[in-house]
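What follows is a group of structures, each given as structure tokens.
You will see two complexes here that share chain A, one where it goes with chain B and one where it goes with chain C.
Take a look at the complex of A and B:
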């Protein structure tokens, strides 16, 4: 069963943004200061364009594997899928470390053993092994949960925010803007997550536009969040690692009612749990395409990937900040290479393929 | 297959051999011409007054021919038919329909004078309505089909009888509206029912397991109701109904989880009130599942979840408790489940005493003795009450509550979140007869949200459920 166009839109507008609210705001505040909105604005614009490109690419109903195999043969297509799956597993590092830090900070008073985080990989394996229809339906529910949680937190927070702290605009300068842009690429790879889904959703007329618009809408939510975040914390924003869990506690009613904002925080944390598992799911899906879509293969890959990631997480257990820093500061170039490079390469190849096809047809 | 022959004694003896039980009686008499006739019937399930009045009395004066049709024409009972096979005749006797054989004819006569002991139609105890119809299904499938037929007086209502159970030979009625129900669903249910190979079917819940897409699932996948008005409303919506003889619980398919948050009464009260009640049920269910778990998680792993004043009160009351918070909560939960189980099984009068012992003696004394804390009892009591807001999901919810408690006690709040994520994936990936269990939320079907948790006014509910996919889309013009 295919995903519906609506589910793709829900994912882009109200599920994917959840993964960008954990550590990205503090990284941005550290790099771009009060101009933190501009690097994200640029990322959002590029991402919307890439989403448009990927969705348009998928309009003929072929999977990425099928597209490459039609042009260059099965071997190259399989190799491409393996490389792309490797990238997605690499991309999953940031959300996994984020999830681990979030769990430690948000759900425990004292530092828990790494075993507390281990069940996540069971959940992730379970999600990866499920058919795509289940994933689409999960997005339907998550979109509603995220919007409720987001609206709740923002409603409780806006009163404490001084949006004037974002001025003067352009204070940070080009270099800090550039660093902000470079170091946030690790969070903007929605188009890459959509790529393995090509051919597995109903392409309705105008979906590419709608998808891009939903991506912009999700971006607008992130911008609003960042503005409020900086408006509340200002100079100390850089130290607020899990801002979404702290922003709303300054609401005056909290004293009387208790931490009712935890309801909204848990709703977002719930969505984030799924976001953290998304790259692994996409990686398993990409490989399943390449090696035959069978249930045993899907289950084996999901177990294998999650076991491997669990092992990696154990190795990096004592250095989560260094892991994040390594991925976002030194290896950030890998993200645009795949997120932008892969769709552009595919577009070019498909274009050339069509051109050759037309010429052959004309000669006949 | 052996058949009736012209020698009446041989035929009767062969039938008696097939039915050696003491409650199978044999009555011999002669007709007006002196021809010997033998009637076999099951004692407790045959209306003997009717048999005497409509069969024996007219036949004792009968002087016509020996042909079955001629004899049948003389019997005044409305339901009469002929049959040759002895095994089929024996089955009819067991079903309560007397069988008549006579000298010189190789056919038996089956007379429909069945009288099955049945209780009166009363209001079902599990589905009480303040407003709306109060009739409930009973254990007799024929009476139940009559209750359905009374409400759906249309030729489109199809009732097909099947027999399930090798030994119980239970009559199962498959009910659907032709042109409104999805034919492939009807066919699939029929084939699943026909394929059941089991000794006996004492209740429709046996059938429910066989009709489920995932028979080992914790979550129910077949709708149940004891009320004919709800049953008919569901059939009119395009669902297929199954009634089993001996069970007052009717099954409806395909099933969606949201059905159990709706009650018959929602359609007899203003839409705003119905919407409020449905949200209240959802809230109660979430409280029942999550409250004990979050209480434990907050005590063990994250005290910040509790407001300071509440935290201080709790700290005061748990200070001298010897058990760990999770063990304490498990113990209280266990006591609640035992009390619940015992109060259902115990005689009514002992039950009264039990509630006094359970609520007052056990609860009060346990707190004052310092075994358990007051907050733990309050939380479990609140959770226990919440569970009954959605009575059709009690089994699922109580298991889920226990699982959440274990997850909270071992991993904390993160355990609760992960377990909830597991449950969500499981629910959304479950389908029955092509209908997703979690619809219309997952997949999101906007049109069906008008009668999901929100309840629109009846006037604006012009179309049938899109999820079920009825070929007859419009409900009203």
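Take a look at the complex of A and C:
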């Protein structure tokens, strides 16, 4: 089973943006204030270029493991896959903590028991036992759900937003822009999520630039969301941790109709559940590629990863802000190292490999 | 072969089913069930200052009977004291065993002392509490908030519900009340203008009515309630203004109407004009700041009105046409201009940037803001213009 080009585009334009709507806006508002759009603009431009590079890299239909193994042998390829899977597990911290806090805050009126989050890992374990390529049809549905929810929330929100709050432009200065850029790297690793998908989708002519365009389109949705978010909350934006679930409640019709916006919020929250599980699933898939694609291995990895992450979540249950701060402030450099470093390294290696191949062919 | 395939995938299918059921329960919020025996659904919170800190009065919804004569929402008031609002909430929990639930809290009422000492000392708790809605309305009251919430309303079962009626969209469109929410007030407080406003609530006994003889608030329990308690009516036609979170003054009724008209909020509201009442059909209002030739503010109200009533008998066709005479227009313009000038003076005296002029300056030009940010409002040149256009 292979993913289609359409499904890759759907993922980039209308599934991946969902994971960036929970805590990222408030982190950005804390760092960059009313200039919060600029660090994200830079991230989006870099991600689109990396998505282009990764999709182009995958056009010969080989998996990442196969690419490295062809070049440097199985041992190095397996080691690389293990390191990459470790990065993806590390990257899954932020979405998992976000998902836990989101549900506890949004769907409960008082603080629930801290093990209430446990069922998520059962769901995640099911997803992780499946190959990534099986997600294609899920993305078809999720993209539609996200777009419906997103359009609904923004339609109800734009009237309450004062977009003038984004002025004066350039107020944050270079230092705060830099901090905003650094601390949001923990949410921008779409290109790294695409790497385990290499060899699992049909590359059609033009997919690389179409994918990059879809990534930009998804980025435009995030920018519009952030502008509306800041327009509504302005100086108190930093206190709004789950803004997407609160922005629409100021619509005047809500008083008469009740919280009809919950329909849209639920739609996005549902998509976010898949987004939160995606890095874990990608980690399991990367290792399954490296160690032979067998069902028992996939199930074992799924159980192992999810049990470990559940234990970590319990350990850090009462320190969510410290966990987020550790990943996004102190260890933020790990994200560009893998998100940009891995595709660039692969590009270089594949390029050298092709060059050597051509020379050998010429000698023959 | 087919059977084997089914059996092969059975464990995963069962796993999916289990996961789906558990995830459903995870998202369910216990299916929205609220144990009313253990939960206090707070309709409104009143905050007063005490020597040791704060006193929080929570008006809690108490279900009444379901038959036609006793149906509705009754309420009772529970108070807690402490150094912080959070301590007060904990004390309410300790006293009653009820978990205070703020998710339905639509009104926060500040006692005058609490508002003068600093509204955000108390409001910060609600802004940061993820289970309290920041869309709830804010108001200041004359005297103690506990007394207002504990009073028996002549118009509703619970005093907070009676107060919320005063803050309805229709009341806002009449121009008689300027409402604000926690979010709006917090944005003003934390912004460069550091100013804001809230409706100022007064309470007075209803003439010739006693609680025991009918009325809506017959079952209103709580502090000091009794069978013969006087029924009260509330008014919120005045507006408390805040500078840096502290209540700095009160706008009277005419100033509140001018404030409302400057915001362009009024539709269908009425204006008195020389023995006649005019109804507002269209309201354009604006307050702008200019730093081009010194610092100046321009307050502008432009209205289209029609006649609705006179204090003397008039021909039926006179009122039916709605035409406004030149004298009536001039009288309305004069009254509004006076109210606007008085409003501006009060803002200048108290340092309350009610119209967020510093914020507008800041957004437009950081250089201009830097130049004028320390200039008090009283040093601004002010230009006031009023235009009242009647039906012809």
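Heads up, the rule we're going with is that the second predicted complex is superposed on the first by the 361 of 364 C-alpha atoms of A that agree within 3 Å, B and C clash if a C-alpha of one lies under 4 Å from a C-alpha of the other, contacts with A are read in each partner's own complex, and residues count from 1 in each chain.
What we mean here is this: a residue touches a chain if its C-beta (ideal position, glycine included) is under 8 Å from a C-beta of that chain, and two chains touch if they have at least 3 such contacts.
These numbers come from a predicted model, not from an experiment.
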Can A:107 be said to touch chain B (first), chain C (second), both, or neither? both
With both complexes superposed on chain A, which partner does A:250 reach: first (chain B), second (chain C), both or neither? second
Which of chain B and chain C A:4 touches, first, second, both or neither: first
On the A-aligned overlay, A:116 touches which partner chain: chain B = first, chain C = second, or both, or neither? both
Check whether A:358 is in contact with chain B, with chain C, with both or with neither, and answer first, second, both or neither. neither
Report for A:234: first if it touches chain B alone, second if chain C alone, otherwise both or neither. second
After superposition on the shared chain, which partner residues are touched by A:126: those of chain B (first), chain C (second), both, or neither? both
In the superposed arrangement, does A:171 touch chain B (first), chain C (second), both or neither? second
Of all the chain A residues, which ones make contact with chain B and with chain C? 103, 107-110, 116-117, 119-120, 122-123, 126, 269, 273
Which residues of chain C touch chain A once you look at their complex with the stated criterion? 12, 15-16, 18-20, 22-23, 25-30, 34, 99, 101, 103, 127-128, 130-131, 133-135, 169, 181, 183, 186-187, 190-191, 362-366
Within their complex, state which residues of chain A touch chain B. 4, 6-7, 10, 103, 106-110, 112, 116-117, 119-120, 122-123, 126-127, 130-131, 133-134, 136-138, 140-141, 144, 257-259, 262, 266, 269-270, 273-274
Inside the complex, what are the residues of chain A that reach chain C? 103, 105, 107-110, 116-120, 122-123, 125-126, 129, 164-165, 167-168, 171, 233-236, 239, 241-242, 246, 249-250, 252, 255, 269, 273
Touching chain A in the complex: which residues of chain B? 297, 301-308, 310, 411-415, 417-418, 420-422, 424-425, 428-429, 436, 438, 441-444
